[in-house]
Structure formats: structure tokens, C-alpha cells
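Letters A, B, C and D mark the chains as written, and numbering starts fresh at 1 in each.
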């Protein structure tokens, strides 16, 4: 117990004196955490967009404008019984127009469809349980008839369309975007680790003679290491908190006011980690990395 | 220096009296505390610092190690605490070949050997008090033990009023004495002192030698490297002479009374070296 | 002259010995340059997208499907004579459909406009010389008639539409995106400077006793500083080259193969700096920053 | 040591002969090379290291500075090269108050003063040769000058065969001699040596003292801090005694022949200190 107090006291010694090595460690941790805190949410949002695209792969069943309500209802029930169908959504003509409007950069274009005629048909949007089962569903909707041509299972069906051709393209684009984002995220995290490790290494190098002396007067490796780890932990904590303070400040003063006007920022998907959770993870990472980094780096100087 | 601190001195002398019989009677029965067997040290680059050095130092002895500059004295000291490993031959401490000690156990060895380094090797980020305290902290001494022992040790070397100075705020001689205080504060059974008086004036040197003598009388084996020929001559203790990495002299200079007490010893030294008390 | 050789030799001394401080400086420079080299092009592309949006603000004149060719031609001439008009583009019905198709995430939606009726009208797209002159152009196209209502200047005109309402929104969004990107870029560059400066500071701190000794044996500040600056320069150069090597490797092996499938990557606008130029700028920056950083930081240790 | 290197010695002696008249006749006309006027140094924390110290050292003198450990000797040396500034009073070098020298000109002052630091202050990343060469590089010496002077200086202190060692590959005494070589290699008009023989055996110490004496005979003013009372007694040069930051003794110990040459000097020292040549 008194050991623990001693190690903590020792760990704080360099910080109390405001020694250059600990300050350098704090600065590096603060900056890398700040960068991660800014860039990770951006990467997440971009990755989220890619996922959205992937979700858009579906089978659409377009209906004649004169399809009756009962035809439509029967069709919906039938569709729900097809294997591999995850969900079916009915999209009315009005809904279709609204969707188109939402997806255009310039919604006015739709409003100006002259005479306000609505040329869009009603449809069913069918989500497959997997992107690969698109074909099965399509064939179930249009089993081959007597002459070998596909025959729709309901007279209400004007046309069945699956995005099978696009599917492969979209799947590959969305996965390349995601891989790309993952690569950048991995790069960022590796870079942060290297930067922090590098600084810790140099900060211990600056005190290598002291470490050597400690060894020579009979300190065990762990006796030397604990205070350094406590110091690393505290530096990580301070650096992380400084960074998170700056991030919160930036969020409140810059991002939040803008969030309304930029969809990119407001589009927080369920796949993205919530901001407070991210901050906690970063803080924990900073603390653990610098503590372990200190302990680990020290090995090199404990050979005497 | 220590002259004013009679209580500590009495305490030390008391201990010496208790231990004396054991260490006198059993001295020959136990293995020598230091033994070198044909120890050779060749540095990378080819310089032969020590060449087939063999010597034994028994428990409780007081030994001087002398020799011209660069003859390998510090190298020998460094081998005893395994800061350096011999290129050939063996180094035994208390009968054990220290090459066989695992890296993890080396701190244990070093804690039982107090070392005054030629270049002091102080902890620059700690003040005088904490430098000495560190030697107790590594052996897991309690806070109260540290609080009582550290000021004593510092008073004995005359640094009682410099407790809060950092090493770079000390004079050369003060740094040297700090290094000495750290070496003996945890009462190690073996004390190695590499030129402990190189930066000290004759009067203070005698005080330090007197201190080492007193520590020796409590049963601690003391090995002192020195260039102070006068001191060596006057102290009438065993002298090992090195030259060019070889032992060229090893004489247990006779005619010294084992029972001379510290005050008598100090008086005689001062007298013979022409210093008035 | 022999001075210069001496300083260069001295500057390379630490590197030749593979001393920890110079290695640390190289690592930090390499990592920050790598990050900048990856992130700056991404920021540039995003900023370019924002500019594109800004360019889309215009006045549209929709024509009746039955407008004659001569009516159309006359109208085009008239429009070109309106002040503040920068350019006029005729968009045929087919062109309009194609545009809509291009702007949708899912082009199939347009193809499925049932019966392949084309509901979109032909139109003129008028670019104003400035986003603020939209109103003037619109009024010139529809001067108020006798009853005070706007009267189109040609019978071919079905409707005139300007994106005045959107204009402010778009202008603000596009400028916020750009500000946002600039903020991130500034953050990145500041962070890089701080990280490099921090490492340099620590690397000189690790050798502060040597600097002190140099002062004490009579070296002038510049005599001490030059070798450190040469060392900084060389570390910057090495670090920069390592990073650029990695970037080129990454570009050739990862980005180029993907560029075809991801429009984000292939959309290199004229506003973005070309890749080789960026690399050169980064290399120069790394070199200059670490050289000057070394010289500057040293000041603190030259007080003895 | 230097004994083998007769050519260098002859060269040095030749110079001495040329300069001698000038420095003997004009000695009193010029301002003293070192002058302290009521110089006081109080360290932050309140410790008074020097208290109203006044002293003058003339050009060409050889002066010992002695005193117990911690009495302020190194502080005095540090003030002479403006590593420390006096809290009160003035420090004049060659008649100029060094407090009035701008920070940019301080290197010029230091280049004209060779200093042997008590803790050596070697450049750890440079080998023996480059450490000495650095003192010539700072004054802008040519490569050929460096190539001829550095090996000479190293031979004179007996480090001719350690040219490629780094400081951490030298023994304590070797480091000390390296520091000495660096101090005199550029023939400064003033040489300050802070305990230059603390880590040396008596024989090597005499060699170094002989070297300092020889340097002094070329016209260089030499100020030596030492604890070696025997050496001080035997050399019969001026002795300034400090105690507790005050000058307590300043005696230009008479009866020494100014014209004793270096060999005679060395022989006499060895003889009087009981060392056979």
C-alpha cells in the first residue's frame, strides 16, 4: 500500500517540476487525441453514407396506376411469403414523388414537373435478406410462363425491377469506400500510436542516465517502471482531457450551429458511435497507451 | 562533520561491539566476500583493462585498491556489481559466481553492496534527501525508517544543512559526500568506494576515512580505491596495487592494532598528516 | 567555406551515430507528412464538391413542349442581352432527363418512368455573373404587365424559376462546408507543426548538457545552432522522403485502382493542387519547418 | 606522459624565452588579468557562497586557490567565465568588468580563458580527438592547425593512444586529462583549472603540474584550485586561501626561483614528494 503511494508520488514528481519530457508527452497525446476526435466522426459519417448506399439495393415492383386496392393487398401478402424477403414497403405515387424530391440536390426541379402531373407509379420496395438473393426474389415474382417469358404473379404488376446489375457495382463501390475509410482510420490510429510512442521513447531517453543510476543502486525493473507508468498514465489523462475539452468546445461553438445546414454533419447514423462514448474511448485509449508505452519503452533502458 | 554527532557514533559503536565476536571468529569459516579468479576484462576495441586478476577479500576487511590512472580500478569495481561482466574468469561475491545470478536477481546483489561511484551517479531530479532515501526505498524500507536514517547519514557526511539542494546546486565535494551517504545508508555488508575523497580537502578526507573506518568496525567489508598515498600509508590497512590491469602488490600492512577505536584512529591520522584537530 | 563543410559534417554527426533524438525527429516528420499527404487531397476534393454546389445556383426558364424553334431561338438571343447574364445553356427534354438520371443515386428510377414518357420540359439555364443578381435577371424575364402580375417576355415560356430562396441556403451551406474544411486543414497543419516542434524540442532537451558545454568552451550561438539546423533539415528531408515514398506506394497500389469505381477520388477539380506539386510542397515544408524549428527551439538552451 | 615528447617541450620552452622579457617588464603597467572587487555571490535560497571577495592576479602569475569543500572555489571560477554573475561587486578580466560584456561577446571572453571544469564537462557525443578539436573549431582554426595541435595536446596529457575513445570509454583520470588538454590547446592567455588532479595518482599529478608550470612559463596566467596541500607546499607559488566564502590567506610564498626550468621543477617536485623518477 505504501508502495502504491510511493509509486504514485514518484510518477507525479516530473509533472510537479514541469519537466520538459512530461510536457512533451502531454502535448503529443493532446494533439493526437484532438485529431482522432475530429477525424473519426467524419470517417464514421462517410462510412455511414456508404452503408446507406448498400442498403438501397432492393427489388421494386411497379404497379399500374389502375391497380385496385384488393389486388395490391393480395400482392403484398404474396410477396411477404416469398423466401429471403426481409421487408416489403408500399410506396404510393405521392410517396414516390416525395422520395424523388428528397433525393435531388435541387428539389424545385420536381415541383416544376409541368402541370404538376405525377408521372411516377406506385410500387413495392422489397428488401432481400442478403444482396445475393435479389435474383431468387425476382424470379419468384415473375416465374417463367408457358412461352418461357417471365409472367408476373399479379395483374397489378407493370414491371419488376431488381438492381442486380447495379448491385454488384454498388456493393463494390460501397465496400471500397468502407475499406478506404477503414484504411484511413487504421492509418490514423497507427500514426497516433507511433507518435505517442515516439515521444514517450524520447522522453525516457532524455532521462536514461537516471534510469541507469536507479538500476545501479539496486532498483528492480518494476520499481523503476511503475513510476514511469504512473507518469505516462497521468500525462495521457491530462493530454486526453485537454483534447476532449477542446473537442467539446469545438463541437458546441462550431459544429452544432452548423449541423442544421449541413446534412453530412447531422446524419448521425446508428452505426456511428455517439460522441460522448467516443470521447470516453479516446480518453481511455490515451491513458492506457501512454502508461503501457512508458512501461514498454523503458525495457530498452533497463539493461544495465 | 560527524564529530558533533556523538549519539549516532555511540549507536554505531554499540553495534560494532555486538557483532565483533561473530565476525572475528567466523571470518575464516565463511567464503571470502569478494573473490576474483583470473578475471580478465577486454573492452570492445581490444583494450585489456584487467588481465587475469585473482584476489580474495575476507569479511570485515578494510582494503585499499591503488594504482596509476587507467590501470583498471574502476573496471574492477564495476565488475563486482556486475555493471560490467568479465570477458574471462570468475567474479564471486560471498562465494557465489555473480555471472550465474539471473538478471532479475541482480538488484538484490546491488542492494547488499553500497557503491560510491567515481562520477557520483546522483539522481539529478531528486534533492539531497531524496537521493539518499532512494537507496532505502529500493529495499522497501518503511517511511519511518527512512525518516530516521536519512538525516543521520547526511549529518555523518556533513550535509545536514543541504537537505533540499539538488545535485546541481552542490559543490563537487558535497556531491561526493552525498554519494557516500547513499552508499552506506542501508548498512550494506560490503562497501565499495571509488575515490571517495578525490574532491575533498585533507581535513574532510580524514573525516570520511574515519567514517569508513567506523563503518568497517561494525562488520562491513570496505574496499576503497584511492590515489591518496599519504592516507594509504598512514591508515596501515591492506593495500592491493594494480598496474596495467594486473595485481602488482598485495600487502596486509602489519602493525595495525585491530582494536584502535575510531577516535584514536582519527587522532592518529590527523597527527601523522600534520593536521591539528 | 570550410565552415560550411564543418557545420554540415556536425549536423550529420548525430544521424551517423543513429542517435535516438534524430531518429525520433525523422519518425515524427514522416508520420505527420504521411497524414497530411493523405488528408489534404481528401479535404481538397470535399471542398471542390462544395464549390460545385455553389455553381449550381442559376435561373431556369422552362419552355412549353410546343414552343417553336424560332420562338426558342429569339428567346435565347433576348436572354443573352439581359445584363448580369454570364451564360445561357439550352437544355432539351432529352438532356433534362439525362441530367436527372445523372443526379440520382439510383438512375434506374428514371428509366422506370412508366411507358418511357418524358415528363420533363426543355429549359434555358442562365448563370448570373453573381449569385446576388438572380433577382434582376428574373424580373427582366418577367417584367410586370399591366395588371401588375409578371408577364413572360416570350410566349414559349411556361415558367421562370430562380433558386433565389435556395441560393442563400446553398451559399451558406457551401461556404460552411468550405469553412469547415479550412478549419480542419488549419487544425491538421497546426497539429503537424506542434507535433514536429514538440519532438524537436524534446530532442534538443535530451542534448541540453552538450549545448551548455559548447557555450562554456566559447562557441557562439550560431556556431552551435547551424549544425542543429542542418540536422533538422536532414531529418526533415529524410522523414519527408520516407512519407512521400509511402504515399506514392499507397497511391499506386490502393488509390489508383479504386479511382475508377469511386467518383470522389477521380473528381480532381482544377482547384485542387496536383499530387506531385503537393508532395513537393510537403517535402519543402518538412525540411524548412524542422530546420527552422531546431534553430528556434535552441534559443531556450543558449542562455548559459 | 609528456616525458617522451621532447620536441613539443622544446617548442614551448622556445616560446617562453621569446615572450619572457615583455611579460616581465610590462607586468605592472597593464591592468591585472583577474580582479575581483567585493564580489559576493548569494544563491537563490539564500546561501552565501562568496562574501565580498577582493583579489588581483597579474599577468603571468601562477596562483593556487585552496580551501575546504564548499567554500566557494568553483563559484569563483564560474564567475570568472560568467557562467554565474556576482550578486554584488565586480569581476574584471584584463581590466574590463565582464558584467558589461554583451551576451553576444561572451563566447569571445570564454575562448580566451581555458577552463578545466571540476566535473570535466566533456562532449559525450564526440570522441577524445573531437573534444579537443572543438575548442579550436570555435575559434575558427584551420583544419591543418587542428590536425597539428590536437595530437600534440593529447600527447602532453598522456592520451595519445585514446584518440578514438568516447568520454564514457575513459577512466576518471583520463576524462580529467582530456578536460585539461581541451583547456590549453588553443593557448589561452588565462588558464583556470578546478581541481585538475582530483582523479589522478601522484605521479600523473606531478606530470600535470609540470605541464601547467610549463604553460605558465610561456606567459599564460594559471589559476589552479586544488586540495593537494603537499603539491601546494612544494610548488612554492602564490596561494589564495578561501574559507566560508571569504579570502583568509593570500601569500606570495617567496623563495622560489622564477627561472627554474620545467625539468628542474619536475625533478625537485618528485624529489620532495618522495617519488623516484
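The definition used in the following text is that a contact is a pair of C-beta atoms (placed from the backbone, for glycine too) under 8 Å apart; a residue touches a chain by one contact, two chains touch by 3 or more.
The shown structure was predicted, so the numbers you read here are calculated from the model rather than taken from an experiment.
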item	value
Intercentroid distance (Cα basis), chain C paired with chain B, Å	70
Inter-chain centre distance, chain A versus chain B - centres from mean C-alpha coordinates, in Å	64
Between chain B and chain D, centroid-to-centroid distance (C-alpha), Å	31
Chain D: positions in contact with at least two other chains	none
Touching two or more other chains - residues of chain A	none
Touch-based graph of the chains, sorted into line, ring, star, complete or other	ring
All touching chain pairs, where touch follows the definition stated at the start	A-B, A-C, B-D, C-D
Complex interface listing, chain C residues touching chain A	20-21, 24, 27-28, 31-32, 34-35, 38-39, 42, 53, 56, 60, 62, 64-65, 100, 103-106, 108-109, 112-114, 117, 119-121, 158-159, 161, 163, 166, 169, 172-173, 176-177, 180, 183-184, 187-188, 191, 194-195, 198-199, 201-203, 205-206, 254, 258, 261-262, 264
Of all residues in chain D, those that touch chain B in their complex	43, 45, 66-70, 73-75, 118-119, 164-165, 169, 171-174, 177, 194-195, 198-205, 227, 229-230
List of chain B residues in touch with chain A within their complex	81, 83, 104, 107-111, 115, 117, 121-126, 134-135, 137-140, 142-143, 182
Residues of chain A that touch chain B when the two form their complex	2-3, 6, 13-14, 17, 19, 207, 209-210, 212-221, 223, 304
